[in-house]
Every structure is written in structure tokens, then in C-alpha cells.
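Look for subunit A in each of the two complexes below; its partner is subunit B in the first and subunit C in the second.
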Partner chain A sequence: MPRLVKRALPLLLLILATGLAACGSSSDNGGSSSATADDGAGGHRGGTLTVLTSQDITSLDPGITYQSLDLNVLASTMRTLYTYEPTAPATLVPDLAAGPPQISDGGKTLTVRIRRGVRFAPPVSREVTARDVKYAIERGFNPNVANAYASTYYGDVVGADRASGGAIAGIQTPDDFTLVFRLTRPTASLLAQSTVLPLSAPVPQEYAKPFDAKAPSQYAAHVVSTGPYMVAADSDGKVLGEGYVPGRSLRLVRNPNWSAAGDHRPAYLDGIDFEIGGSGTVYGRQTLAGRGLVLADPPTPALVKKAYQEARDQIFFSPGAGTRYAALNTAIPPFDDANVRKAVAAALDREQMRRVRGGEVIGDIASHFLYPGVQGFEKAGGLEGTGVDFLAHPEGDTALAARYMRAAGYPSGRYTGGETLQIVGLAGAPDSNDAQIFDQTLQDLGFKTSLKLVDSGVMYGRFCGVPRARVHACPNVGWIRDFADPQTVLNLAFNGNFIFPENNPNWPQLNDAAINRAMARGELTVGDAARASAWAEIDRMITATAAAVPWLYDRQPNVFAADVRCVPELWNQGHCDFAYTSLKP
Partner chain B sequence: MAAYVLRRVLWGVVLLALVSLLTFVVFYVLPSADPAQLRAGRNADPATLAQIRQNLGLDRPLTAQYWTFLTHLVLHADLGFSYYSGASVGSLLVDRLPATISLTFGAVVIWVLVAVPLGVVAAVRRGTWVDKLTTGGALLGISAPVYWLGLLALYLFADDIGTFPLLPGAGSYVPLTDDPWQWLTSLILPWLVLASTFTAVYARLLRGNMIEVLSEDYVRTARAKGLSERRVVWNHGLRAAVTPLVTLAGLDIGLLLGGAVLTEAVFGIPGIGRLNYEAIVHADYPVIQGTVLLAACFVIVANIAVDVAYAYLDPRVREQ
Partner chain C sequence: MSVGAPGLLAQEDRYERDFTAGVARSPWQLFSRRLREDRVAMAALATIVLLILVAVLAPLVVKLAGAPGPNVQDRDATDMFGTPLGPNGDHWFGVDPLGRDVFSRTVYGARVSLLVGIVGTGVAVLVGVTVGLIAGYYRGWVDTLLSRFVDVVLSFPVLLLGIGIASACSLGKGCVGGAITPGVRTVILVIALVTWTSIARVVRGQVLSLREREFVVAARALGASNRRVVVREILPNLTAPIIVYSSLLLPQTILLEAALSFLGVGVSPPTASWGWMIADASDNFDTQWWYMVFPGAALLLTVLACNLLGDGLRDALDPRAER
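And then the complex of A and B:
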């Protein structure tokens, strides 16, 4: 009991300090009591927006990156084949494409017509053709570029299995404005959706090839835009040290070759200046008090509280920002026993885990893995859940947990084994508080535990993503969709075929033959509605295994200055979309 | 003297080699994040991860990686490229160094100008209210964490978020060559914050040294010879009392030139310390190695400078 008090005290203090528990316990819907999602129509033209971020961008190369902040930049500098409108995170709209994707041959051929009149920014300054998209995708397989998702989403293109940067036979350009993908399997639906990712943004081969010949590719330092904005560059197109100074600044200016005709983006701003690398705490305060500022960092709990209490028009809670869950290692005892896993799921106080993060405003209690904004979420049970008894009580159900423990062969309802469980969580509040709640739950069930709190890179890279590390549970893991298709949430994270010796994304190491087979069928399902149904059923199957305990559907808070009309990218954590955002006059 | 300096320089080179080896070993032995995985993201399969490792040269044996680093450094003065941004480490250091130098030397000037008179007066007026105020203030200065003090300064005096908006706040730093006036005003708060801790430490140390020195026989002799009290204190007392502080100052300046991480972070100053911090977060080994070696260089150079200064201040050292 003293240990419980000792562990609970910091949590209590945190709650009292932030005061957000009060916000969370009200009957108001947290999301709707802050700023609402603005579509940006009729914005004021002109002005420069300043973006404050303590974290640097990862890369400006559309062939390399797909981190959240980078996507935020690329959304206004690159034109991918398809995209999402900021406030419609599941509806594919043509961007560089001239119309909807044409799927034929039973899902084995995808044809995309390219819009005419789109031009590269200086120094290339010529019209974009289908060959530029073809090269962009092919270079993703170049070892010097090594795109992380090319093989995942373009792997079924004929010839992609042998690709190393040269021409891929299955990507054809019958004319300058037509792109045809021929596939080995009927996965054109998924491929069409995946073209919202930056790999489909055109890259001019004659310009980029010398940079791509270097290992690693130096194209990021000379990147060429097609969107309304471009990274400021010298006359040769070099952006490194000009518009982008690593760790210091990034300057987006208007692309002189961009034309509003044929683009859905209004592009109100004259420019966007990034200030990189300062203190997130100070940046937060500056954003709330200043003018023309946007905070790109996740705000601190103290800032969320301040904004929520004093400036609700300056904070937006973006729904559909991912699922958080606790992964239980199904490959080793004691969590190789489904009843033990269900006992943990039943006992875990997910309500408290949410409360220490800020309560209702920051998200809904999760009860399965597809989350709001992903196709199939409602079909899998929506916020009500899939109906499993061990997730029916968000505040925890110790009686049910004891029943599951007895079913697992522990007559007392408590674990009596001798080993110490290795738990690895994230350091730093509120993540560490969530890890401690999870750890305490295990102890209450009779487990001996050793909790290790580390930073995110170490947690995934050295422990939770490395099966030989033999970590028993990882309470702070989570998944964010790559795009609206449900396969992007479930396949890598729970497919037994993707248990890798390192960088393993299947943290529970779930290898269930029935689920693997269902996923194989789901991959080949054609059509959005059919895919949503198929993957919703897979979601139910995964949830029933209790291989992981879902505990939060994130709403990501985003903070901006009072004079900023922020149009949040609901498909990307709610970052303000620079091509739609404007400054109030 | 020249032989002595040369000997110290050679030892410095050996020390740098050891520091680089230690940094390398620490980076790979302790559980840090994997740079290839950080770049790859969670979707990357083993083949893609292997490609990224190859690109970054991480697939080679550790000894080969270290040897390549060492030979490039010695033969071409090349510290390699950042895993994260792709920029050359040398250019990153050159880009960040002016801010750190500006921050360090401004703070040094302030803490010397404040700490020396305070320490002397407190020692001479021992037990008076001046002494008590100095000692109490020093205790506060030493106790207050720089990060907290920085935030406090910004919340009170920054022109954007301060209650009394007097001075430019975080993120206002510009290089001296761009706008000297803004450079000066943007650094006043960081200088004061960074200098506060050092002022407190140095004032306390100097006070203690002065009290000890002023009770020495040669000081009594100086007084007996009829020298003015001012001359006794400043010429005979301070010169002896300040010598140990020179050693400390040398080390502190060297360390600060290696990066005042917290001050740079709070005030958004793009210096070496912040670069080092970002590199650690991103497991960007070449940048970590570059910043650590630079810091080590500064400490070694500062040590040599201190030894030379010692010889100037203390005739006994010169004779040895």
C-alpha cells in the first residue's frame, strides 16, 4: 500500500497542477469546446506566418520523409497525385491527378491522368509530366534514397521486387500525362490511396539524378517544389544553408511558377518562416501571446490548460490523431496466455491513464485499434467498442481480472509466478505517469515488475521493437495511420508475417494464423466499403486476443496566435495547413 | 616556456584522440536510439533498414567506422556529415559557433565585472550587511537552476511574454554582423542569466580567498610599510587571491564555449550546446562527435591559456 501511495501521489499532484481533470470530467465534449475545424474559405490574403518548433524537420526530400511535421511542410510545397482536404481526412481528392483513380483488371491496374499546366519551381521551371512521377517513385527504391514505405505500398507493382532505383516495368507512361501502374496482385485500391504520401510528388529526373547518385541522396538540399510554396533557394536551387538551416530556420516563399488555376489550395499567405530549436515551453507562451504565430510542437500540459482556460479560440483538439495502447508480449510467458492478457486488460484503469494526460479533452477511451477518421472504425464498433467484456469498464474491473487470472490457472486470482516482468515505457510526464499506472496494475495482479523509462527512440529501437530484448510489456506504444485505409493501422502492427528481428512494428508479436489469413484476404479486397468491412472484422479479431490493450484515441491539441485563422490538417495531427491558413486582418 | 607550451599542446592532441574514442565507445555501447531506425520510421522492413545503414556507413565494423572517422579528420579536417540533416558537421559547427562565443564572452565580462568587486568588498567588509547581502545573494544564485532562472527572466522582462516587457525575448538573437544593436539587446537577458550562477560562485570563492590572503604576513608587512589600504587590497591581496579563480575561469570558459545547453535552449540561441542536444536526441553521431571534440578543444586551449596566465600572475610558477 505505501508503494501505491508513493506512486499515486505524483499523479495526483500532476492532476491538481494541471487542473485539466476538471475540464475532463465535465459533460462538455472537449473537442467542440475549443476552436472548431475551419475550412479557411474567404481568408485574408498576405502576411507571413511564423511557425515555432523545438523539433527540426527530418528531411525535405519527398522520397525520404513522412514524419508529421515534414508532411505539414510538404503539403504546401509538393503536389502528390492525390491528397486530402484539410478538414476531410478520409476523402481522396485529386491534386496532381486530373481526376479520380481508374482501377481496372480486377484491381491489378491503376491508371492516373496527370493535370496539365503544373510547373516545377525554379530552377527547373518546366511543366510536370507523368515521367516525373514515375521517376519519383522509382527513386524511392534507390538505396541512396531508401524510402521506408515504397516496398510496403508499391511492392506489388510489376518489377518492384527487383527495383533499385532504375526503371520499374510496371510503372508506364503511355503519354506525357498518363501514368499506369500494373500490379502483380489486385491491390490497386490501397496503391491509389497511398499516393497521398509524398513519394508520389514529382521529381525532375534530369535535375535530381546527380544528387541521387550520392549516398545518401543529396536531393533534399536542392529540393524542387510544385506546390504554392517553395523552400527559399539560391539561383542553382540549393536550399541547404539558404532557405533551410538545420536546427535553426526554414523559410517558405511563394513558388513563382505555381498557378491557382487547377489547384484547390487558396494559398493566402505570402510566406512561412520556421523558427527551429528553441524551448517548447517558451514557444508555447510566445504563441499564445503573440501575433502571426503557430506552435508546431505538441503543447505542454500547462500550456493546454492555459489555452483551454484563457484562450479557447487559440487551441484546437484534432480528432483522429492515433491509438495508444499497451503491447503485451504474446511470445513469452506469462503473456503467451490469453487469459493473463485479458486479466491485465480488465484490470487496467484506462480512465486514469487518460486523466493524467488531461482528461476528456485529449481523447476518447479506446476499446479497439481502428480509430476515428480511419475507414472501418464505426464498423468495428466505434466508440462503443467491439463488445469484449475485458474492455467494458474503462475504470478497470478487478473482479473480472481475478476471474481471468483464475481461468489462467491462478486460483487466488493473483499471479504467483516468480519471474520479474520487464516493462519499458516512455520517460517524461505524462507518458511516464501512464507507464506507472500500467506497472501498478500489474503489481496489483501479483506480478513482480521492473519498469524502465527511456526516450522514444530507445524504447522502440532497443527494446519494444527488438524481440530478442524479451520485454514483457510496452505500455506507451501507439500507431498513426499512413492514410485513411484501415490496413495502414492494423497490418504492420499485428500481422505475424511482420515480426522482424529489429525495427519490429508488431510489438505484441501477435502471430495468429486466423488473423494473418484474414489480413491476407483484406489486402486483396477492392473498394473502400468492402475494405472497411474486412478490416473492421480483423480489428475485432485482434481486440479479442488482448495482445494489446487499447487505451486512448488521441486528440492532438494545436495552439496558434489569436490573429491566425488556422485550418487544421485533420489527416495530420491537426497541424495548421499553410496552404489554407491565413492571418486575420 | 615555449617547450612547456609545446608539450602541453601535444598532450592536448593525445587527449583529443582519447575523447573521440570515448565518445565513439559511449555512443555505441550505451543504449541510445538507432539512427537508421529513427530515419526509417516504423514502416521500414529489414531490407530498407539495411539500405539506410549502408548509406550512413553503419553496416561496417565499428573499428572500420572509427578508423574512417579518424583518418578523414586528420587528413582532410573532415568531421563527416550529419545523419539527420545531411549537412557537413564542420559547416554546422561554424554556423553555430558565433552565437556560443557571443553568449560566453558577454557572460564572462558580466560575471568578472560583478563577482570581483563583490567578492573583494565582502571580504574587506566582513560581517557587515554588504557581506551578508553578497553571501546570501550568492547562495541564491548558486541554488537557482539556469533553466528556471531563464524562464523567470523571460516571463518577467521579455518584450513578447514578459510582465514588464523591457528586452527582446527568446528567439530574438541575430548575428553581430546582421544587426549589432539587436545582437546586443537580444543577448542581455541570456548574459545576465548565464552570468548569475557564475557570479555567485566566483564572488563566494574570491571572498574566501581574500579573507585568507589578507591575513597573510606579507599583507601585514605591506600595511606596516604604510601602503594605503586600497593598494594593499587591490595590488597585494587581490593578485594572490584571484590566482585560483583564473584556473576555474579557464575551465568554465572552455566548457561554456562547448555549449551552454540550457541557456541556449531557453533563449532560442542557435549555439553549439543546442546543436549537441539536438544531435543526442536524433542519435546523430557525427554531430555529437564534432561538438564533443570542439568542447574538448576549448577546454584544452583554455587550460593551456590558464597555465600561461598562472605564470604571469605568480612569479614562483615562472621560476619553476
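And then the complex of A and C:
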């Protein structure tokens, strides 16, 4: 994949930390034991839903946003080319597109027909054309917009390597309702899937261009919707200070130009009000006891327990919310020695790592990196694991750890080197508790450690994503797919070609020639089953290196009030999808 | 410290009694007698001695109590949702979310609080007294320069400055080219940096008046060097205010350490610290009260004892001072 991935990371990383990340799934090849999700059919019309969130959204601009909660908002305000329905997270369905993607020229051309009759919200109020999608994608390369994944997923489009906001030769609009992508490599099927991300949502050029000329782009303050809801705006379309007050509130109202014909979204609600910036703990309690409320924060373990025991139908555990792992720096001693890494993996009590987050209900113990719901998960070994002995005992196996330490040249079975290992984890429970369990495990193996607990931006931006910081281990990292393809889970995180001096996503700095070659082949593999096999094999290879210790497949808990009929976005982190959720009469 | 108000009648009586009984007492004897008569101060002193003993002998205390060490994670002490158990026979103060014994962490937490409190206060007093002595004794431009510098430091928002420095120096290899490394040392430095000013001002004021007194003039007339005058003549007369101010600074520094740890820029885990424990407990206070109450009570007790002892010392050393 792309060269410019560098630019792709800062936001993604933030996402990964705050609740671990963007998009989740559960297709039938996933092995998770999830509760069945309500598809919301036949909901009651009317009413306003209130969403409580301690964290603000990062951006309303479809070209910028790349965060779980933002994607949740945009799913009901924006129409991307393709999308997932909330409870079928691996099935690509046309949204703005009029039909399935047409791939030709051996995978080097992608043609998408655009639906007629879709109109922008006021003040633009005109019909959406293919040119609006072309502009939306091109502006992603504009430094003022600086989309985080444009070069990752649109990097193979002809001319994208030189793009900086102007026209891209490889995106053509032969007529108002046809969009053609010409690619330098046969990766059209991956490109089609990636259009579920909001960058493919149309942006009216004549309206947005002046805003995009500013650095950074001011379009988010004037964003125009195409979906059933829009951010409340004044007559000029300004939403900042009207429908959105940063750090305080966001108000979604119905888009008068939206038509139910030609959209799969039922849109039962009259509006959605966000209350932003209060205490997550207080919000959690309010949500359980209140009416018409949804909690957008990850609930605390105490709230999960209370909801699970006392209000089982007010909590939903969304499967396939990513893999959490501890990255061991393979580039410097002592973790450049595979046996030392395996000793750490063997010793780590992953059962306890999970328990401090809320126990069995919040996920399965991980034993490799593709997670339940991602294609290839079962082929790589499913919940049983890939068969490596150092991950066979979730509660930790100190005898085996000692054996690996002896194999690494420490006859006592304990580490005897003198240096102090730098461990960087996330501040704030429960992440800080996981970091401390990991830290204690290293100390029990004889390592001297210095544990730093910092926020996610600092953890990725200054330590784990910066090789020259020489951090030895990062116990709190995690990865989640961007859409339903295994490549999006493994490629950036473990490909030796993606080790950058800044914003490095390959936290263990794994650079294994055989794995790199297998990934290069995997990128060009076509067909779901073949791709699943190829990437499952890569997953097994990565796991065998012990460059990282997988410890949890997240099931993200989501809490809502008793009168809310929540339809969870399984492709996201189980947030209630506002365009499907309804209030019980 | 305000001086000059007429003495309290009771104390005047006491002087009267000593005088009429014909007993001569040194200032030290008078001080210790007054202190011993102050029950509250004696109780506070006993508490502090006990706390210091507990801190120094923490491993023994924990062992005698039959509790596990402060970093031992007991996975059986949390339920299947990861909720820690409250106070029980095995864990007197309950456990934290990692299954670590709160009693033993509270005991070990005293080490950090007292270490940072005592050393931080010591450094602050050393710096403050030195600056105050120099400014007050030399007067002129030296005084102007130092006093304005004190004004500048005093006008910093203490906690914000502390957070800034502590966060800048508590990551990676520290700051100032590795001279200030993360951990307890950074916290002590921050605390000393923001607390030395008050004592410098008090000392300067005292020195300004002392340097005009006859014994100082006499010493200078006899040809004593500046250094001798400062160290041998003036400094001994500052003992009382220094002791009083140090004892009142101590609880402040302990609280500051707790505040910095609460905000996540103090000593780093897994080292047990009261401020860190309280911060960690604040999310789940409604269901896991023990995790906050016990370190909180220990902090309260320590600070209260220090304050009461400080008041008692002030009364005993300078009975004429107004409260």
C-alpha cells in the first residue's frame, strides 16, 4: 500500500486509544458469543433522543473525521457511496451509489453509478452529482483538510501520489451520475470497500471551496448534510455556535431535503441532542435511570456490572471491537531476542488483564491479532489460538516463561541485565490497571522497569509511535479494522515497510522479510475466501514472532435508557445508530 | 508573624511565677515546658512520630499485620466483573481494582508523603533562609533584586507551575538534559521551587530588624566578618521563626505532593502514593468507598497533626505572637 501512510496516523491512533477505535464487525465467520442485536424494524416514530458524552466529537467534516463517535454522528447525516447497515457489518450496501461497484480492467478500474434524486440539505439544496463525490475525495488530499486515510485507501488512484487538493486525473465523471476510478494497481475491490468511510460523502464544491481555502479548512463549521438528519444551522448554513457548540452541545434535526425513497434508513427520531463534557460516571448513572438517553462513553466497569446485573436489556456488548495487545520493541534489547519476548507472553496473566476491565462480558482473551468478526479470524485459529505454546495459558505460565528465559541465556530463568526498561501505558482506569499488571509481570521476570502513564495522544505521538524514543514496551495499544477486510487490521500494524520516524503504526517495529513478502502478496489477493486465507496465514506468522502479546478481543459495552430501542452499529463500536434507533412509546 | 501586641495575661502570669520563684530558665527550657503543657501539640507530635515510625518500618508493619506487600496483585480478591472486595479479614482496608491490599498501600504511601514532605520542606527552607538572609543583610540592590524575584515567583499560579514542570520532567529521560529525572526527585524539586518564597520573605523581614540591633552592631564593631555576623549572630536568632514556618510548610508540601499525584504528575505507579490512590478511586467512589476513604483519612490525619504541631510550636516559641 501507499507511501504516504505517515500522514494517515495521528487520528487513527487517538481513536485506537480512547475506546479502541473506529469500526467493528461480526460476520458469520466470527466466533464471538454476542447478544443478538435489534435491527430496529417497525420502530415508533417521533421523539428526541439525548446522547450523553464526556468526550467532544473531533470534527463534523466528513473529510477529516476518523473517530468512533464522529462516525456515529455522520452515519445519520452523510450518505457515502457504500455503507454497512448497522446489524450487518460485513455486507457492503449501496447508499449514495445506485448499485454494486463495477470492477473492470483486471481490478484496475472501479465504476460507481450515483443515485438520482439525492439532495443536499439547506442552504445548498441541489441534487448531488458525481462531481461532488470527486471533490470530496480530492479535498481529502488538501493539506487544509489532511484526511488521515486518503493516501492509505485512495493512494493507488492514478495521480493521487501527487495530489494536494486539486483535481486527481484518476477520478473521472463521464456524466453527472457516473464516477470512474482508474488505479495503478489491481486493488479496486479494496477501494470500493473503503468508500464506507466518510471521505466518500459528497461535498458541494461551489459552497465548500472558500472554506477549504483556509488553513485549516472551515468546512466543519458550515457542513452540509445529505442524510436524514443535519446539524442545526442558521440560514447561511453555519452550524458552529448554532447546532454545535464545541465542548457543550450538538443538535441534530431532520434534513428537510431528505427523502425516504431511495434510502434504507428508517429515521424514526425527530432529533438528536448531544450533551457534551460532563462526567462519564455521572452520565452513566443518569442513562441507566433516565428516559430517552444514550451513553456515548465507554461505561466504567462498575456501571457495566450494575447494568449487567440489574438492567440486562439496557446494555449491549458489541462484538468485534478490535484487538488489544502489548507491543514489545523488537528493534532494541532485550526484546530483540524472540525467546525473551516469548517469556513475557507466557508469563502475562491475560485473564487478569481482562478482569480489571470488567471480566468475561467485555471480551474474549486474545491469542492472535485478527479478531472475531474479521475475515480470516477462524482460519487463523479462532478463539483457540494459533497453537503457540506461549499463548496457551491465559492465566500465565511462569514455568514456561522461565524455560524461555533460560533459552534466551538466563540460566536462573530470570532476567539479569542491568538496564531499566521504559514502559509507556495509558493513564486512567481501567487502562492504567492493565499497564500495571504488565509492568508487574516484567518485574516478576527480573526486569527493572520505569512505567509512565500518559494520555493517548502522548503515548502514540511521543513514545510508542516514535522509534527514537526507545520505549521497550507499550502494553495498551490496539487496532481495529477500518472496514470488513483483514488487511486493514494487520498491514499497517506489522508491515516492516511502515516503520516511520514519527507516527509509526508498527509499534513493535517488526520487520520480518517473510511477513513483508506475504503481505505484499496478500494486498493483491482477490476474493473474500482467498483474502481470508492469505491474511490468516500472515496473522499466524506474526503471532509466532511474539513481537506483540495479544490480550483482548474487545466487546464494547454500550448503555442506554430503558425506553430506548437501540440499534447498535456493529461496524462501529456498537453505538446506537440514530437513523435506526427509536423511542418506545 | 505579627509582633508587638501585649502578651496574654495567663502567659504574663507564668513569667511572673517563674520570676517570683527565683527560677532561672533558658529559652529552650521555657519552650519545651510550654510545649509539654500543650496537650494538643503533644498529641500531634505523638501522631507524627508514629507516622514516621510506620513509614520507616513499613515492611515490618505490613508483615505484622499479615497483609500482602503493596504491589502484590491478588486476583482472587476481585469478583468476575473485576470489582474489588471491601474490608474483610484478609484485607483490612479492602483491595484496589488490581487486587492490591489497600492497608499495605496506605502504609507504604506514608513513605512517599513523608519523604517528599520532609525533604521538600527542607530544601525549601534551605533556599528560603539563604535568600532571606542575603536580601535582608545586604539590603540595597541585592535586596531589590532578590525581593522582586520572590515577587515574581509568588505571582506564579503554584499548582499550574507545578503541573507544568512536573509533566515536562516526568516523561522519558527527564528535562534539563537529564539533570532532573522523573519520579520522587522531580516532585521534591517542584515543591521546593514553589514554596521557598514565603519563608524567604519572613526571614528577610526578621534580618532587616536584627541587623540594626546592638549585638550585631557590637559584633561588627569588633571586626567580625559579614559571614560571621550572619552565621553566628543573626542566624541563631532566627531559629524560632524558622522552626515555626517549617512546621507549617510541611503539611502544605504533603498536600501539594498529593495534589500532583492526584493530577497524575507525581510519583509514578506502581509506587503507592495517597494522592494517586485517591485519584484512582474517585471514579468508583460510590461502590468502592474503601479505596478512597483510607488513604484520604491517612492524608487528613497527617496534615492535621502537622498543622496542630506547627501551631503548638509557634505558641511555645513565641508566646507573644497573636494567633
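We adopt the following convention: the second predicted complex is superposed on the first by the 549 of 585 C-alpha atoms of A that agree within 3 Å, B and C clash if a C-alpha of one lies under 4 Å from a C-alpha of the other, contacts with A are read in each partner's own complex, and residues count from 1 in each chain.
Definition applied: contacts are C-beta pairs under 8 Å (C-beta built on N, C-alpha and C of every residue); 3 or more make two chains touch, one makes a residue touch a chain.
The structure presented is a predicted model; accordingly, all values stated were derived computationally and were not measured.
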Subunit B versus subunit C as contact partner of A:248, first or second or both or neither: first
Touching partner for A:436 - first (subunit B), second (subunit C), both, neither: second
Contacts of A:351 with subunit B and subunit C, given as first, second, both or neither: second
Superposition-derived comparison: subunit B or subunit C, residues of subunit A touched: B
Touched partner set for A:454, first subunit B, second subunit C, both or neither: both
Touched partner set for A:67, first subunit B, second subunit C, both or neither: first
Which superposed partner A:220 touches (first subunit B, second subunit C, both, neither): first
Touched partner set for A:427, first subunit B, second subunit C, both or neither: second
Subunit B versus subunit C as contact partner of A:281, first or second or both or neither: both
Subunit B versus subunit C as contact partner of A:240, first or second or both or neither: first
Shared contact residues on subunit A - subunit B and subunit C: 281, 454, 458, 462
For the subunit A and subunit C complex, residues of the former touching the latter: 281, 300-302, 304-305, 308, 349, 351-352, 355-361, 422, 427, 429-430, 432-433, 436-437, 439-440, 443, 450-454, 458, 462-463, 469
Sites on subunit C touched by subunit A in the complex: 71, 73, 75, 78-83, 97-99, 170-172, 182, 264, 268-270, 280, 283-284, 286-288
Subunit B residues within the subunit A interface of the complex: 31-34, 37-49, 51-52, 54-56, 82, 84-87, 91-92, 95-96, 151, 154-155, 160-161, 169-171, 265-268, 270, 274-275, 278, 281-283
Contacting residues of subunit A [partner subunit B, same complex]: 52, 56, 58-59, 64, 66-67, 143-144, 146-152, 215-216, 218, 220-221, 240-241, 245-248, 275, 277-279, 281-283, 285-286, 289-290, 454-458, 460-462, 465, 479, 482, 492, 498, 500-503, 505
